[in-house]
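In what follows, subunit A forms one complex with subunit B and a second complex with subunit C.
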Partner chain A sequence: MAFAAFGGGAPAKDNSASRKGGPIVLALLLPGMIYLGLFFMTPLLSLLVTALESPDPSGAIGAYFYDVNFGNFLTVVTSYWPQILRSFGYAFAATVFALAISYPLAYFIGVKLRTSPLIQRLLLTLVIAPFFISFLLRTIAWKQLLSDDSAFVSLLHALNILGPTQFFIGSDAAVIFGLTYNFIPFMTLPLFTNLERLDTRLLEAASDLYASPNKVFRKVTLPLSMPGIISGTLLTFIPIAGDYVNASRDFLGSSKTSMIGTMVEADFLQNWNYPSASALSVLLMGLILVMVTFYVRKSGTDDLL
Partner chain B sequence: MNQNQPEDPQLREVVKSALSSKVTRRAVIGGAIATSAAALLAACSPGGGKKTLKPAKDISATDKQVTWDNWPYYMDGEDGSFPSLKAFQKESGIKVHYNIKIDDNNTYFALIKNQLASGQDTGADTMCLTDWMVARLIDNGYVRELDYSLMPNVTKYLNSAYKDQFGSFDPGRKYSLPWKGIIATIGYHKANYKKLTGKDAPTSVEDLWDPRLKGKVEVLSEMRDTLGVMMMADGIDITKFTSDEFYATLDKFKKHVSSGQIRSIKGNSYIDDFKNGDAVAGIIWAGDLIGANIELGSEDLGVVLVETGSTFACDNFVIPMGSPHFANAEAIIDNYFRPEVSAQVALAGVYYVEPVDGVKEIVTAKEPALGSNPLMFPTAEMFATKLKQFRALTASEDKDFSKAWSDASNGVV
Partner chain C sequence: MATSNAFAGADLELIDIRKDFPGFTALDDMDLTIPAGQFFALLGPSGCGKTTTLRIVAGLETPTQGQVMLGGKDITSAKPHERPINTVFQSYALFPHMTVLDNVAFGLRQRKVADAQKLAEDALNLVELGHLGDRRPQQLSGGQQQRVALARALVNRPSLLLLDEPLGALDLKLRRQMQIELKAIQLEVGLTFLHVTHDQEEAMDMADIVAVMNKGRIEQMGAPEVLYDRPKTVFVSKFLGQSNLFVGEVVEKNATSVSIEVGGNKITVDKKRAEKHTGKIAIGVRPEKADFHEKKPKLGSDHIVIGPGEIIDIRFTGVSNQYLIDIPNVGEVTVFAQNVGKSPEIALGANVYVSWKVEHSYGLADLPSGSEEE
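So, the complex of A and B:
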């Protein structure tokens, strides 16, 4: 699985003696297996079963019967394809922005500040500090800070970036901003962990061989930090694609920014259309799995799979 | 009761069914695994078709307690003192568990739907839900028929308008009784409205579509309120409209959403946008804006009862099929149909419309200004001409209209 990428480190050597499964090993595994069975496999199975249900012939709202109705998947794709595309578009943009902000930051903290560990730790704490506050509260705070009467929006109006009847909250930019902000630590921390271990002697050697700083970065630093970049992008892209808080009309979004999560919420809570909500969730899961597999393979890190 | 059984009603059912069968040890283990798997699947997965449910056995006489789930700001002494509830407890000897647990019909329903659908105890013996949700519960057979012989005060003091005019979803009020009424109409921020339009106040729904208000209009996410007010402005009688009329107004709504005139469609959180300037005018719940003014200690926000009419809906008591305390639930419902008890709640700051006859007189005697507020005690003329209830929908209309509304609100074309 691609998620092995998050673990980092070299794969353990094959040690046939430690691989023998004795009763103790099984006993140790049991709690984890039961937990996974109850809280992961059962809901997943239930989701799949629900995704295939059909409406009850009585016509009562919210009543469905067990069936094998693959048509639900076709319906959600034809109804919600703009939301599906938008979700991945937002996820892509926010991941790129998060990477562009996090890479120099992680490089600075992890490489340049190695000689002053105190400042290094202080800056790392500052990266994480806002996240001691609840995700929802932070998003609500941004909603207030970026509201129509805020200094930020007044500035955008003064600079003619926004027209007199245009505002920030409810726009694509507001949602991408919120997503980028909320998921930045998930990009910064894996990058930092990777860059902290970057062997600077390799950079010096490249310079000694007359490589320009640009070339040193492209040929040495970047390839060496690939595992960090991959971990970071996966950790941000996956949850962003399924996020529904930032794009919600109650937070930074509007009717024009609905994502897959918005539609799952609408189908599940408002329309009582559980098969549609489940089919959309399964589809999101499938699409992410395909994309992640493709991405990890394409980035030349097959060993991480 | 149930001292040796789990608190969770669903789990309790599983334990009960396991205890009731005589089986061998091997079968118990095998059966337990199969039952747990089935119960878990059932718990996690909605659906399974419509069933005919039977009312649970009433143990009210031996188990003197009742649980009531309700919305916030609906009871006197919500700091925990609850004087009217305590008085009832003392008088009747029935212990009351009052939970402020509902802040949205749909999310509350999502919490209890599996128990409701299987006729099990949801943990609440009565709860107050909005008309349309109650209509769905009645339609699906999830709630019990009420026994009026146990509720003399209801028979005596229930305002007749709530039985006929505002009870179309439950003819004769067989399954539900009103708790409080809510008016949806036009609200606006006085200073900001003047600044943008140069006018003092909006006077019609049409005023919301003034181009100078582009991006500053917000409406409620409750379909029946927003579209109801808009349909009335289009001259449609919302007590008996056709599907074509519904979709015609929905198209107008979609047009205002896609042009950006309507900036957002929200539930309870719209009030913050009126406070911070993101919204200047819109379709709102009257009681909320009055409450916000009191909270802010200002008169910044205004409410207009437009000529074309406003929607009126209630939150209603219902008793689920699985409630084991039917008589106790009816006792507490009946208690709040005593004018002096309801007046006590109103005087404590619950500023919604009272469905109990005789409350107005008691409130007027103590606080004349409150007693003459038409948003709390609408006049007979207002009830007759200005306040209308969105008509009850058939199951298939409910499904189609809700989906069309949800799609329009989420920008699905």
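So, the complex of A and C:
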């Protein structure tokens, strides 16, 4: 379903060639199909089935029976709507920040550094370099760097940005910072891939046709980099909306920053409320799917994707 | 579609332009004046600096030194979008994310011209593509894209239109057709055209004035007929058409002519058609101006006769035969004879004399490479 959204809803092509090649094509597809069937479709179905289960009449904790209980969805929405809103709010803010930081960076590496490929490669490696260290470890490191007695927080106190009893860790800003930081490479790389291929002759043509540098960017560079922006924002927004590490109180968050992921984790591992956790997961999936479809359609870059 | 006086182009003047790139000099003390309304061609091999010149005029490169004047105004430091100049790029550079019509209207919309849509439609009609306005550039053929690029530049009525080898990517037949159309449009709209090309036929065919460039300098400039008839340097004589060149010491000089001696033959040039009158000089003649004879012809002093030499190659090219004649101590001489049904029946290996009229000789300012230290 998500792939249809990525493809801009292009009609499936009638590929007669693959039909002709019947047995061989099927044989080649089989491993992939089995893999997807076992490790994607089965868990997904299991998730959907669990999301509709009802509590066992015996009242035993963690015991449920098969049912078609859509009430689970209503329950998660009524009890978790603040986390749902917060998740998408965080995801939106972090995606915007990541785009604001990544676009100039990707433009610089992909366009300005074309003449010096060595530096280009080097900088690109630096963008990816953080991946060599575990995501958890890096986030813990930030927790230390931004901790209550850190130089950073002292500075915020000195500048009166934070009151004497306020701290950074545990705030919305800390979580958004962590999310932005952790997902920047997912934004930079698709943008770079797109901008690397940007035909700068088109920019010259636009300035030759009376467009000021500002107009050249808005009328030519930006529309031509839309495919990169779309893939970058999707690759950051979707995982951020489901993230539960940064917002966790063990990392950069607090009880006031819990996201959907935090609640799924709590319901599943602590409350043993599997139907609630599943319903919340399905809901997250559904919401993302709707947003992504709307976003891709709306941005109208079908022919550039 | 417009009266030519209303949109008459402006004079372009390049004064002492120099352009250095890291490691080499692309342009060296270049001076150039293009009068308003002219179709001017910059002709030269790749790497001669012609595209750099064009980019400096468009504002896409900044000259290391010198001034660019347009209509008497110094525009050297003006940004590309501030110059009343438009370019038809070699790659066309059509915006792939816009329709053909939006491409054409782009410049008008940037300047907030009223009625941009209507003017763009008119411009598309001028290049006979009015019916394709809704398409994307990628959906058009090369020739159609080229015409869109032309319409996109022309619609702005620039004082100066730059053409950067816009016909290079087209096949021969389409190129011919576009050359004719371009010339017709230029006459119709009366703009100043600066056309950069490496195709000598294209330059001679279309331009009022041709400047031949080599190694960052203009070697010679003038009307195509004049350049062809009277090249002044070895480079021009070889780049613009073909030339037979003869190098020798001046042995005879009088009030009207200069003669050199080459391998026992005397080759004469009119004094006013020669750049140098003393020492070792090169004299040339076009292959189609020369004739050959099986017997030594009895011709007056207004003719040059050299030979005999052996015909070592005959090429049939359709409209003419090309004969390569090896004359001992002189070298190889090419003679074109038109296929008008009376070409001499001559076989490979025959010994012939070559002749031409003195008035067709031209004396060059320099010597072919390799002959300086002989």
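Throughout what follows, the second predicted complex is superposed on the first by the 281 of 305 C-alpha atoms of A that agree within 3 Å, B and C clash if a C-alpha of one lies under 4 Å from a C-alpha of the other, contacts with A are read in each partner's own complex, and residues count from 1 in each chain.
Just so it is clear, contacts are C-beta pairs under 8 Å (C-beta built on N, C-alpha and C of every residue); 3 or more make two chains touch, one makes a residue touch a chain.
Values in this document were obtained by computation on a predicted structure and should not be read as measured data.
Room for both subunit B and subunit C is found when the two structures are superposed via subunit A, with no clash between them. In the superposed model, A:Leu45 lies in contact with subunit B only, and not with subunit C. When both complexes are overlaid on chain A, the residue A:Gly71 reaches neither subunit B nor subunit C. After overlaying the two complexes on the shared chain, residue contacts for A:Asp199 are found with subunit C alone; subunit B is out of touch.
When the shared chain is aligned, subunit C comes close enough to touch A:Val220, but subunit B does not.
Of the two partner chains placed around the shared chain by superposition, neither subunit B nor subunit C is touched by A:Gly286.
Touched residues of subunit A, counted separately for subunit B and subunit C, are more numerous for B. By the touch criterion defined above, A:Ser207 reaches subunit C but does not reach subunit B. Once both structures are overlaid on their shared chain A, subunit B and subunit C have a minimum Cα-Cα separation of 48 Å. On the subunit C side of its complex with subunit A, the touching residues are 58-60, 79-81, 85-87, 89, 91, 93-97, 106-107, 110-111, 136, 152-153, 156. Residue ranges of subunit A in contact with subunit B, taken from their complex: 38, 42-43, 45-47, 49-50, 53, 56, 58-66, 79-80, 82-83, 144, 147-149, 165-167, 169-170, 249-250, 254-258, 262-263, 266-271, 273-275. By the touch criterion given at the top, residues 37, 40-41, 44-50, 104, 106-107, 110, 113, 136, 139-140, 214-216, 221, 257, 260, 262-267, 269, 273, 276-278, 395-396, 398-399, 402-403, 406-413 of subunit B touch subunit A in their complex. By the touch criterion given at the top, residues 199, 201-202, 204-212, 215, 219-220, 223-224, 303-304 of subunit A touch subunit C in their complex.
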